[in-house]
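Dropping the structure in here first, questions after.
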């Protein structure tokens, strides 16, 4: 087993910073040796805070650095393909945030280059590492619900993004529902055969989304190759909190994943009892973000394949693109691959 | 206020028997004076059990009997239209089980005759009387969740019906989802603009449903006139129990209806805690079946309109038929009326 | 089986009225033939409302009436002993509200007279008929938790009674905890060996209770004959609702009874989810009050013993009196009988 | 702020190992520089595993080492007093596991020496750092339930300890209930005025406890100085899991702490739904053990007092000893201090 994986984090936005923080202090066998962000001053600041020995404002500094084993790519999605390819060509292992790329042919390119250079590449579908999903997967694999027949996903967020974000997000199916598509493949242990999607702008204040052919609520209906089916509800306007649920119905039972409870306390006041709700994804998936990185480092040290490869990244992308296209033209879309 | 409504129950199958039992002994202001079923011996048997003074094997005996104020029609759906019309023509008030009729033009006819004869007609959408739905309606009407934006319905049953039943059931959208369509209209206080539906046969053993263009799982996506939206999942193969849920997301909050808990106890055994689940609709909606009948009698005594009229029966039918048609031809169906 | 039990209700206060209403219209095989209350006008009013053929302001009219099979005694507790004895001497069966009597020797007298006259006597411990307790009993009897080792009862009420009530209530252990003592015997299938009790006046505004040697919160610790143990918390000052819970720990598992949920809906608003709580005993035990009366009538018709006899009434009284005495003198009290 | 606190862990049993592991890799500003355990080979093994630079089998090596700022004492309770005093005399700050000491005069001595040497001393009442208790404290302090009136604690463990452990444990009130006594003081923000305790050996197989005047189930009734009250149920024989609950009733509302849920999933099988239960304290309080150590290091770096001092350690000890004495002599015990 390799003693230590020397990592660089590329992109120090909100998510990049957490990844950097986790690697810097919470993961055995990992060492954060460089942080990089083109934004003036950002890398230096982060390096100081996290006590990282080296920083740069030039992404290329990560690829060429002989001292680096693995690169964590947390840059805007449009740059992922180029970043992964460069990393691969320099024999650096890659952890890349979801989505893998924005286009299918880019994904194919990337997978090709990864293979040729024989590097490891893990995609940031952190739900696969969330303890509740992990336990659900274990139970399903153990046969506790028989043969899976139906997947139901709900992803609701209450924090409506700014127009600037929506513009480049790729749309609700690519930006949000992709997590459900990935976890559906994971839990059902099945591939998507076809998908159909609809959507609506439910809030007046989101009318601007029309310009970007986007919606604040989408629903997709899935058929799996095995004959199983499913649906995924995606909402940006939940006024009460951050609400992520999963359900799998099998021949012998069903499993429900998720709870919105924030703290393990209940308040009782005149006539009612209440508890707090989780408000955002950083809170809900805090553990998962750490655990996916632990897994990344672990598999690198042991020379094993990650649970969630570039191939998985491509499959989820393919489903998202098909959903988007179904939403746009009103027809059921068959997946080719 | 009228002292007493004299009732006859027409059709003494499973549901008919309960209605008869409720009227016979549990509803103030109602008197069960006749029970009728063409099945040899059935009416006599029920009359004896429930101590009803008169019985018959000829449906027409209900219509002509001067002693009768209201007829409870619990016969097979195919006979509803004819029964309602005859009752109306004899100035008998009507409670009719869902669905009102099987075809839209029949529904129009029936509504016409009801109007002409100035009788009251309540349709058996018992969910509207279930205490949880009643409270949800009250909360929504009180503005507790703001303006309703999204309806989510789940209706799962674990008791797969026999082929004989499926054959005449009208399909999953007409037989099962119709309850969700009605309650969606009720809770959203809105009309359906268009609907899209898909479905699958998930269980090998249900392949016979193909012959009847039916499925054991269906999903419908709804757009309301106001711009709100919704989805309804309908399943005949839930292996764990009878699972009816509703959810409404509004601008200020959301509301969830339903719990599958059978008894208010929890068992704790080595390593796990469990509670029993409701297994079937008679158990889940026991109170609702009684309360809808209480309402029927109450409104008749007070000369008021019931909460759930033939018009509501027709609207739900229309949505169900549109869903069925969308399922068959793969397109979104706009509602005309 | 006897066709019909003709009943008289004696005492038409809040609880008496419900019993009368239940017998009048909701119980097969029961007929309410007389209602009696010395309070001027009360009996007549109730008779009119419930359409009862006969009423009186003289309790003795119930005993002498040949037309009456059973008397439901819902008068103030101080009168129970006399009423039961008179009823027994006139060979009327008796349903008597809890507590059976206020003193142990009265209870012994009453039991003696009941035996001599060979009548049936059921005491109003309605928790035994509440569906959740019934199911818990069934599970325990089925061995689902092994051998019962510990009973935990919580009875909290938020409606602090008036001074006038406290004065004659017999104290918190006799008035409230008695329900827990009875249900403990029932669920544990065991007799109490000794009891110890403490109590406090927690609310400043309840200081007046001191005059009556009463408290607004009590806790009793129980040892059962089998070696099992238990505790009962009783509170009059729960500011949030009516909260009745039971728990039994056994060698193989445990069971929890009770939920404070009022309606099967959950409301989600910004940052929190809540549901309504049950507010009072009429709401919580509505079904139980009906079901205990159904049982009373049923056992009379079949000539069987009720689930909850005068003997049970006496045992619970004995425990309550011992608890009160322990509370007063600070010592553990052994039960003699 | 001090850059780094150099720590030694004394005692590398189960709990000592976790503390060492947490300090070694998960706490910013802490450095584990030495591990010590008299057990042959243990310290060396742990040092190797956690990459600690120095180890010893002689406790005195911790006190004399100039390189050490703080000592984490996780040795058997009987040694705590001596260890703390030595540490204090060498000006080392101390984190000591609960209970502070086994006797009250030892506690007084220890507090004296701590003061004289002006060191910081935190006691390991980790519940104070468990997120649920922290939030409950915050809510109570914010006035969300009004003035606290009643505390209810339940501590149930299903892992019956070996005779060897029971022998030196100090009894159920000192070993287990002490956590509830501490958290009661914390949440109620009040001091205990008097306590009364009873207990039983519920399991035949625990009869050996009699020899040590111990029981497998205890109940204590508390009066607080303010007039508030409470009770604490402590059980070693819960057959279903590790069940820690807290409740505070106030004048305006109540708060419940705790959930036994192990994973955020629910399994639905024919007729029932279930979820896994937490099985032991390492699982239940994993976060709390880390967070208490984070707090210890934080307060040392900032020169602040910890949330849970030797004084708190002594108060909880005093209550435990009073409970034990009440259990032994059957009387209510007033606390002197």
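Each chain gets a letter, A, B, C and D, in the order it is written, and its residues are counted from 1.
Operating definition for what follows: contacts are C-beta pairs under 8 Å (C-beta built on N, C-alpha and C of every residue); 3 or more make two chains touch, one makes a residue touch a chain.
Everything numeric here is computed off the predicted structure, so don't read it as measured data.
When the interfaces B-C and A-C are ranked by C-beta pairs in contact, the top one is B-C. Chain centres here are Cα means. That of chain B falls 39 Å from that of chain C. Averaging Cα coordinates per chain places chain A and chain B 42 Å apart.
Separation between the centroids of chain A and chain C, computed from CA atoms only, is 58 Å. The set of chain C residues touching two or more other chains comprises 145, 239-240, 252-254, 268-270, 276. Taken as a graph of touching chains, this assembly is complete, with every chain in contact with every other. The touching residues of chain C, counted against chain D in their complex, run 145-146, 149-150, 152, 156, 196, 198, 200, 202-203, 217, 219, 221, 223, 227-229, 231, 233, 235, 237-240, 249-254, 330-332.
The part of chain A that touches chain D in the complex is made up of residues 25-26, 28, 131-132, 135-136, 139, 144-145, 252-259, 261, 263-270, 276. Put simply, chain D touches chain B in their complex at residues 239-241, 260, 268-277, 279.
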